[in-house]
Amino acid sequence: MTHAPTLTLADIARRLDIDFQGDGDTLIRGLATLKEAGPDQIAFLANRAYLKDLAETRAAAVLLHPEHGKNCPVPQLPIDNPYLGYAQLSQMFDPLEASKQTGVHPTAVVGDNVTLGEGVEIQAHAVIDAGVVLGDRVVIGAGSVVGADSILGDDTRLHANVTVYHGVVIGKRAILHSGCVIGADGFGFAHDGARWHKIAQLGGVVLGDDVEVGSCSSIDRGALGDTLIGNDVKIDSQVQIAHNVRIGDHSALAGCVGIAGSTKVGKHCMLGGGVGLSGHLTIADGVQVTGMSLVTNSIHEPGVYSSGTGAMNNTQWRKNAVRFKQLDEIAKRLTRLEKSSRDSA
Amino acid sequence: MTHAPTLTLADIARRLDIDFQGDGDTLIRGLATLKEAGPDQIAFLANRAYLKDLAETRAAAVLLHPEHGKNCPVPQLPIDNPYLGYAQLSQMFDPLEASKQTGVHPTAVVGDNVTLGEGVEIQAHAVIDAGVVLGDRVVIGAGSVVGADSILGDDTRLHANVTVYHGVVIGKRAILHSGCVIGADGFGFAHDGARWHKIAQLGGVVLGDDVEVGSCSSIDRGALGDTLIGNDVKIDSQVQIAHNVRIGDHSALAGCVGIAGSTKVGKHCMLGGGVGLSGHLTIADGVQVTGMSLVTNSIHEPGVYSSGTGAMNNTQWRKNAVRFKQLDEIAKRLTRLEKSSRDSA
Amino acid sequence: MTHAPTLTLADIARRLDIDFQGDGDTLIRGLATLKEAGPDQIAFLANRAYLKDLAETRAAAVLLHPEHGKNCPVPQLPIDNPYLGYAQLSQMFDPLEASKQTGVHPTAVVGDNVTLGEGVEIQAHAVIDAGVVLGDRVVIGAGSVVGADSILGDDTRLHANVTVYHGVVIGKRAILHSGCVIGADGFGFAHDGARWHKIAQLGGVVLGDDVEVGSCSSIDRGALGDTLIGNDVKIDSQVQIAHNVRIGDHSALAGCVGIAGSTKVGKHCMLGGGVGLSGHLTIADGVQVTGMSLVTNSIHEPGVYSSGTGAMNNTQWRKNAVRFKQLDEIAKRLTRLEKSSRDSA
């Protein structure tokens, strides 16, 4: 069963390194929004849009910036970055952490020469192929498969039905969600004029520390060298990362992003949902691309980039979309008209 | 084995509540198009485009609107909504329904305190964690995993290799296709200026009755509250639904749709393939969005919405796409020219 | 364990049908780029951009076009199409081929009336339903599920956690990557004015010979007839192919492509990453569509097609995207101005 723990307010304040003034014995069973929190829950104020809810909150205590303390009707947990405080607090109530177990389920299949760290948990029907190395406290979810000779760092968790191919290296504290696939073949074929010949994908995949990969996402293995995902890279669901892509540390990729082969994304980049990057590009550090934009050229400067057109009523859109197809002609007509206007002036 | 049943024409007419005139003893083994149906199959006319095929059909009988009856060379099954009749008829020949079994396969792993309804079928290598409740006649496909404390309503079917995380609630008669993942963590992180801190996703997912989820689709669990999918919502393959999204009853989402966090979609909405909705939007009831449109603002009125540009020959497209980047300048030049034209008039 | 074989240079030359001049006894353990290859690896020159690396290479030998032979400092393997040679060479070092085993793992579940060809390998926790036929040397990866009565041709490989539904036919030498799903229900519903009624998807899926399907891709079964994928069709990861689609021989679909129901794609087509095709279209042979284009009309001529707008700085994009919504009005204003200019001339 998954049950979140109960903590006292004093415990929580201590773990958040906050100097709490008030009754520390209050029992806390979770967290909620200012509006919905009850007397055994902590709320947080991390966005001014919710300031209006502060006066009416029934929370046991509120995590907030000191500047809002005077408006808080209940005990407060003052902190400079309340959103970060919320993140840390949320982890204290994670039922998965509380329900962690140790040991290899009798239905799991573990191959030869597998190295298991201390406190490893391998759940039902998981398959660990020969030569795999699992660090301390690694969790392998039910039905997950780890291919031969792959290496998973300490405290990494695979949820149920994850697939890691052979020869993949994953760092520490990684979280891989169900249905994601790490190390499938990149998409490489040579054409002989009539048909395709497969290029065996002989590289691997290396994920750094603190990487998270969402459900049903794919990170393909390299053709020759490795596909490289840096430290602290966060990848959402339904993302496709092709062979030999490199993602710099601390970058975040939202859902449905697709990155074609050999593209290098810098550090601290943020790609919005559904963004597509063509192959063999270089994207500088600190680039943000807004949702569903297509990037076909390298980007050398940090900044925000976009493509596409915003949604509008279909009737109007049809008229404008037709004009898009005439756009070059429209521009030329305008130039001619400007010229004739100048000539006649 | 999967074998469709054989029915008589009279049986079928009775189950469709049609007053059939003719030889009801004809044995029917399936259905097909007007053009391809043989003498043991039923055909249907639901679209005027196929009216031309009616005169030549060899079907045992045709499901059609009474207005077309006089042109039908074979026995007819008159019905006001022939497409709906086709849907109902198709279900009579579903081989999966015919091959349904009962019982728990010896290789399945069922945790403590699991409640199994009557007639439940749990297939090979499925894993049901502790505290799960399965309603009557639930089917859990081979290799599927249901996380702790999740609840599945009567007659719900998980195909093979589905993953349901802990604490998920699924209504009655849901169909979840292979590879879909319900309840993985939403994509939530707080940034401390240097790196990301995970926000534990403490909410759940609630799916209403009669929901269908396509293969390899993801519905993430909420950060605090739940992600909510209404009754009779139909979700195609490769769809991504982020944390705390709400989808109203009877809405349909085609393949590759992506919906960012906390967006609310109304009832009876239809999202075309590849549509993207930004986060924190409100989409009114009855909104349709055409394929691959990006919606970045709330939509308050029912209607059809679109974005993007239609495909064209690449040579022409290149010219027009370059002009798109000059569009603001083109508009300003036009305004200047209009002004100078007025001034000189 | 996955270990690539060691071959002699003479072996390799013989298998590539190259007349090699030099010391054929050199032991070769793999291949690499010109820059990175060591003295036990073969390099290749398939793209003039890398010609600069030839003079410095330390490779045991280089696969190259005869025209570059005079610049090669190490033994050479001359071949007309070096990229094709690279593909063939890469397969010689594929560790999966080298580690292939035979037999049914004791944890695999094999149903009644299953036909197993010679040299079949069924890995741990795989499930083969009743009536399935597996050709010679078929490999079924760990945790994969093959539904009743499906047929897989000789030398076809399912990686781990693949799902094939009932009644699917797959040709010879197919490769299906983890997480892909073949034969889930197409997205078909009839509306009765208030709610949806499921149309049972009674067709199947037929994949030709030499088809590859990437990780987490979906190919849905037909509503009545079959979804048809031709010979030598290559499908990348995260692709969605809806019911009753037909793809012609030798076509290649990059990652995240989505194709709606009943569309027919010709032979030798290439669809870029994220391309969307609407339903019921016909796409001619030899059509290429660039990344993330949306195609809503049939294409009757071979050639390259595109839609969308390239990415730009967000500040500029915002200005231009606003103008897109005024585009029809801009065009009309231009026409009026041209007229008034002509009138006043």
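Note that the chains take the letters A, B and C in the order they are written out, and that residue 1 is the start of every chain.
To be clear about the criterion, contacts are C-beta pairs under 8 Å (C-beta built on N, C-alpha and C of every residue); 3 or more make two chains touch, one makes a residue touch a chain.
Quick caveat, the model's predicted, so the values are computed rather than measured.
K.L.:
If you fit chain A onto chain B using the CA atoms, what's the rotation angle, as a multiple of 5 degrees?
P.N.:
120
K.L.:
List the interface residue numbers of chain A and of chain C, divide the shared ones by all numbers used, and answer same when the ratio is over half, different when under half.
P.N.:
Under half shared, hence different.
K.L.:
Could you please state the distance in Å, as a whole number, between where the Cα atoms of chain A are centred and where those of chain C are centred?
P.N.:
Once rounded, the distance between the two centres reads 25 Å.
K.L.:
Which residues belonging to chain B are in contact with no fewer than two other chains?
P.N.:
107, 125, 143, 161, 179, 216, 238, 256, 274, 308-310, 312, 324, 326-327, 330, 334, 337, 341
K.L.:
Would you tell me which residues of chain A are touching chain C in their complex?
P.N.:
Interface residues on chain A, with respect to chain C: 107, 109, 113, 125, 127, 129-131, 143, 145, 147-149, 161, 163, 165-167, 179-181, 184-185, 187-192, 194-202, 216-218, 220, 223-225, 238-240, 242, 256, 258, 260, 274, 276, 278, 289-290, 293-297, 299, 303-310, 312, 316, 319-320, 322-324, 326-327, 330, 333-334, 337, 340-341, 344.
K.L.:
Along chain C, where are the residues that touch chain A in the complex?
P.N.:
Against chain A, the touching part of chain C is residues 1-2, 4, 30-33, 36, 81, 83-84, 86-88, 90-91, 93-96, 99, 105, 107, 123-125, 141-143, 159-161, 175, 177-179, 210, 212, 214-216, 232, 234, 236-238, 250, 252, 254-256, 273-274, 291-292, 308-315, 317-318, 321, 324-328, 330-331, 334, 337-338, 341, 345.
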